[in-house]
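We call the chains A, B, C and D, going by the order they appear; numbering starts again at 1 in every chain.
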């Protein structure tokens, strides 16, 4: 509140941020106005408005890097001055805004032709452009309240992109997406309120005099915020919507979902980390006087292991401080995400689904960067640099992949990689873009992925060193994380080569159709795709330019980061031998995996055939299965009955309905009688009925579904414990 | 103050007297009833909004009108402070819209000979709510509550259908004893203080005499108004009455009548009994627990309904719980949220029922399943519903979000994390039942045999629905126009 | 027991209130419920009018030079006049509803009305039942 | 069992209420809050301030005139509700009353009723007009009038009663009470006072007390006439049955 006012006062006012938000909305209005009658106007309105927005964001970035953060008073949603929807852009936000607007620009080129396939084009344009407004809004704010508003808007608008086809598959994906968005949004809201309680305001940089508290509330706030952003970021185990939603959406929308929207989640996580890192010194620790230590103002949280090692009494057991613990958790969440995503991407056959899992996996890298930043504190510029670099890289190569996949779909009407093959002859330009993106994501030197992965690897190594220096138990775990990082990089190489091989280079399979009339994708689609491929190339060939001109200026604007580290990063020799040789190990692993998988049968055990690339895991190993059953179990608590499980055809709604028939009877008849007809009689009747129901129906049901019920009970117990913890504070 | 001085009494009595004129019109000129009623309500609305020019949320800035010129403890006082004015403007505007909506709808549902009675009762209902909200005298509040109650019983039954009569009778059978309880509470309050004026009562109660009688009277008040407000264990009449009544009446009942009762509770809590702190703190805990149970119960029941209007009715139970929970938390933020939710609930629930009425008017579709694919033929109605649904769920930038934000902020600030969790779960439930309907309307193909031919609802029905749903949007995005003042008013109530 | 015996009017009112309440919630016959409502109302009137009584008080009419100090409180009497009118109106509305109910259902028994309601609820639940 | 439980419940409620009774102020105590506060002014100044000797009338029509306006609206609401539920007599429709005409109640009843009716009417008029100086008032007088009409209906049949006080007259007069109140109220407002101040514009101060009395009488008359008509209408609506077209029993 007061902090917000202070930061708003400090920043210069500028009309660029609202202009950037307004342009896509204007484009949306124009597209809606043009409609189906003037399709060309509609398409070019989108291209022009996104292009203009890109220009404005570029100007904004330059301005912000030159003169510090800017703000603009929007005057909407003003809750009595304490909370208000206000725009404010700092370097990190402008950076994210830049790549988002590039991607939208490229995607709108792609849309010019791609949408010929689709129904309801005007609606698509409308919501695509409105989503850009909301997404830019997410990046252009300086407090959690405004962030939440834009974040929710973005999530709900993107729902329309996911459900666009209105096919059964798209609807199922959209249902799942919506459920997770709503729950994620509420988790975010809970986190923000706890943060409010914790810091007394919602600004990203709480003022020094705000009442910082420590302890479980802080941790809980972090958990809620992390979960809320993690849903959008596709963090394991909250990623389940992503592999369904991305393939279901039209390709340009997939590119945007994958390239930008999940980055908004990552952005939220890094914002959270930076906010908690910038904890004011005077209120830092219970110990008070240990604030000033060798590692700079920001690392006082990490002071527990510094000169005053005994200072952090509360954390003496682990030796880690709160933010470090957050970092450690995020590092491991990142590792889990990248590893799971890689494994699942390896066994897919649908191109877009593979790409979606690949997005999950790449988000793991990005989370790793955020985790390293948080773990390293002031020294975390390597982690933050890797994070930023990988964000923009992923936007480029994953956007390029999805747009190219859109081209493939446009021409071949096919997305099963095993039914394609030999396409490089027919669609050479698309193939070229694809290969550039593929080499980029693999981390081959001279392409962009190499740079960011190198930075991330350095960051992990630094984290390991730090942990080792201060004798943290985490040291070994971080070493393990590094190993998994390398393995995952190998796996990435394997699944990307698999996909590239089957789509473009393998012999066409007889099952596949097409071939005859296949030709290169329409020009405007290629323009969109190659725009991104050029980005891949540029980022890879000239890492120094990117680092010095973009990444390090952004880093140096982050308060509290050690400037020596930033300098070091700016002048890092990316293509040194030490870095280059790091690629060899993943390459070897990838080659091995690819060779193994490409054989149709890895080995045969009796009748069980193991085929690595076509592995089908039982459904209970998926996270969805557990979510679904937990939801059903919690419903079962409403009324234990066989029918709860009887007709689960339409998911939860159907289940709820069958519960309804019971409850309606119970309530309409018994409750009302209880309330105003014949209360006493009804009460005794109700008791009897409940007892009969328990004896006849519930007991067998309990026996049959004890597993689910136990899980529900567990969930309830966890929830209750959380509440109790909160009550005890 | 000038002429503004007389506005409060005119706001109340103009619709009241117009209602009385209706029977005289009934024989020859029944067509005139609706325009006359609309003129009366418009006059009230205009006068109410003009009052914003003189009433601000400050301790000494309210309009006190002494009927007949008698000073308060002896005469009756009408007292409009900012919170009251806020409520009055919600009542006026929503009633006016529902009245406009009625014209088409009633011509179909109510037989011609009864239309005059419908409009007469409608005006009586609106005027009674206005009088009930504005009065500063507890017995006068009872009188207006009775006008309100009698007219709403009859309006539920006005179609004369079997189920409607039964629902109305249930409503009466719960409502009449609750009125008697309120009267008993007033008698007890009078016995221990000797006064009926709210402000005077507050002074007298501060003396702390006869605390047991005062406590008992507060309990009876809560029970009495609890039935009228459909607080959780006393909500039995609501789902039937709200779902079976003609849709504009459902909108009035759900959007305003229950709200007015909650507002009365709020007044009693803070203006009358506030000084008798023991009584209030003792009952507010209980109120909080039941309200929280109501939020969850109403939400779950709404999810489980098949009938569209029944779903909305249970959603009302849930949202009244929101407001009551906010009142029970007793701090400035939560109270601001509760006041703002009164506005949001009036707009959003009104819009819900008006949309449901449009489907009934056009197609006679009442079940949620029948709404599959509705957006193909009635896109504007569906869109109005969708916008209001965003507000019911509490998604920014609607007014529902603003009130929810304040309510949860209040519960966190008051250390009641459990209540914050209840609000969150209530939102999840709201999302479940609202988004399901939206999903059905927009993304599912229609059931065979439905939605063939036909078109959008008539303009006279669409306009009120859209005004309400845009209202939720504007009162959210442009909340700064009023939220600061509402917050000050809430702070004033607490003081 | 405090002032229970002094306040015997109030005590009678309490007993009447319970009697009426019993009738409202327990009697199956609608007419009896309405009678119960009236008993409840009457009990509150009794309470109110007794509140205004004063030992040795006379009617508050100034005719004949009556002394103001010995008059009973006129306010509760004014209030119960309003209360009576309210009770009459409520009863009228209730009776009109009862007439219509009787025409449509042919019964005045709440239990039978209830049974009709139960019949309306599909016993097997929505969409064609258990199978 | 059921009865026992319910009796226990009601008994518990009763005991609680009795406990409450025992902690209330002593009945009839001149020092109890009800007899100590607010009431003095009514008793001492009402005659002079309101111009009515009957303090109760003064309270009803002056100090708490607004309540009474609400009260007459309540009873009008009751009528409107009954009409909304049961419908209104329509022209050209045939209504049968349970005692199909021509009604023949016994000659004794008819003679007695015929003898009593003028006195009842006179008494009701007296009650209305004399309300401000003795027990009585508009509402009571209206009720007496309505009772007379009920007697008439019982003796000569509803049908005849309905013709004696035809629907058009009833509909015109039913709203009399609130309308009189409103007009008097607005007159007070225009006269420079507050609503219901019993004043008229441009009337000299010397005439005010007399004016107050006359306006009070006017309001009493409105209440009496309106109340009586409403009672009769309610009776007609509740008692009649429509022949043909209506919902069958």
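The working rule: a residue touches a chain if its C-beta (ideal position, glycine included) is under 8 Å from a C-beta of that chain, and two chains touch if they have at least 3 such contacts.
Small disclaimer: the values here were computed from a predicted structure and weren't measured.
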item: B-C compared against B-D, more contacting pairs; value: B-D
item: Chain ID, smallest distance between chain and overall C-alpha centroids; value: B
item: Centroid distance [mean C-alpha coordinates] between chain C and chain B, Å; value: 26
item: CA centroid of chain B to CA centroid of chain D, Å; value: 30
item: For chain A paired with chain D, centre-to-centre distance based on mean C-alpha positions, whole Å; value: 72
item: Chain A and chain B: spacing of chain centres that average the CA atoms, whole Å; value: 42
item: Shared interface positions of chain C, touching two or more other chains; value: 17, 21, 25-26, 51, 75-76, 79, 82, 86, 89-90, 93, 97, 100, 104, 117, 126
item: Per-residue overlap in chain D, given as positions that touch at least 2 other chains; value: 6, 20, 23-24, 34-35, 38-39, 42, 64, 67, 70-71, 74, 77-78, 81-82, 85, 247
item: Residue numbers of chain B (touch at least two other chains); value: 139, 143, 146, 150, 153-154, 157, 160, 165, 168, 173, 190-191, 306
item: Footprint of chain D on chain C - complex, ascending; value: 1-4, 6-11, 13-15, 17-18, 21-22, 25-26, 50-55, 57, 59-63, 68-69, 71, 73-79, 81-82, 85-86, 88-90, 92-93, 95-97, 99-100, 102-104, 106
item: Touch list for chain D against partner chain C, complex; value: 6-7, 10-11, 13-14, 17-18, 20-24, 26-30, 34-35, 38-39, 42-44, 46-47, 53-56, 58-60, 64, 67-68, 70-72, 74-75, 77-79, 81-82, 85-86, 133-135, 139, 234, 237-238, 247-249
item: Chain B residues within the chain D interface of the complex; value: 6, 9, 13, 16-17, 19-24, 26-27, 65-70, 73-76, 78, 111, 113-114, 116-118, 120-121, 124, 128, 131, 137, 139-140, 143-144, 146-147, 150-151, 153-155, 157-158, 160, 165, 168, 188, 190-195, 200, 204, 209-210, 212-213, 216
item: Chain C residues within the chain B interface of the complex; value: 17, 21, 24, 30, 33, 37, 40-41, 44, 47-48, 51, 75-76, 79, 82-83, 86, 89-90, 93-94, 97-98, 100-101, 104-105, 113, 117, 126
item: Contacting residues of chain B [partner chain C, same complex]; value: 139, 143, 146, 149-150, 153-154, 157, 160, 162, 165-166, 168-169, 172-173, 176-177, 179-180, 183-184, 187, 190-191, 196, 306
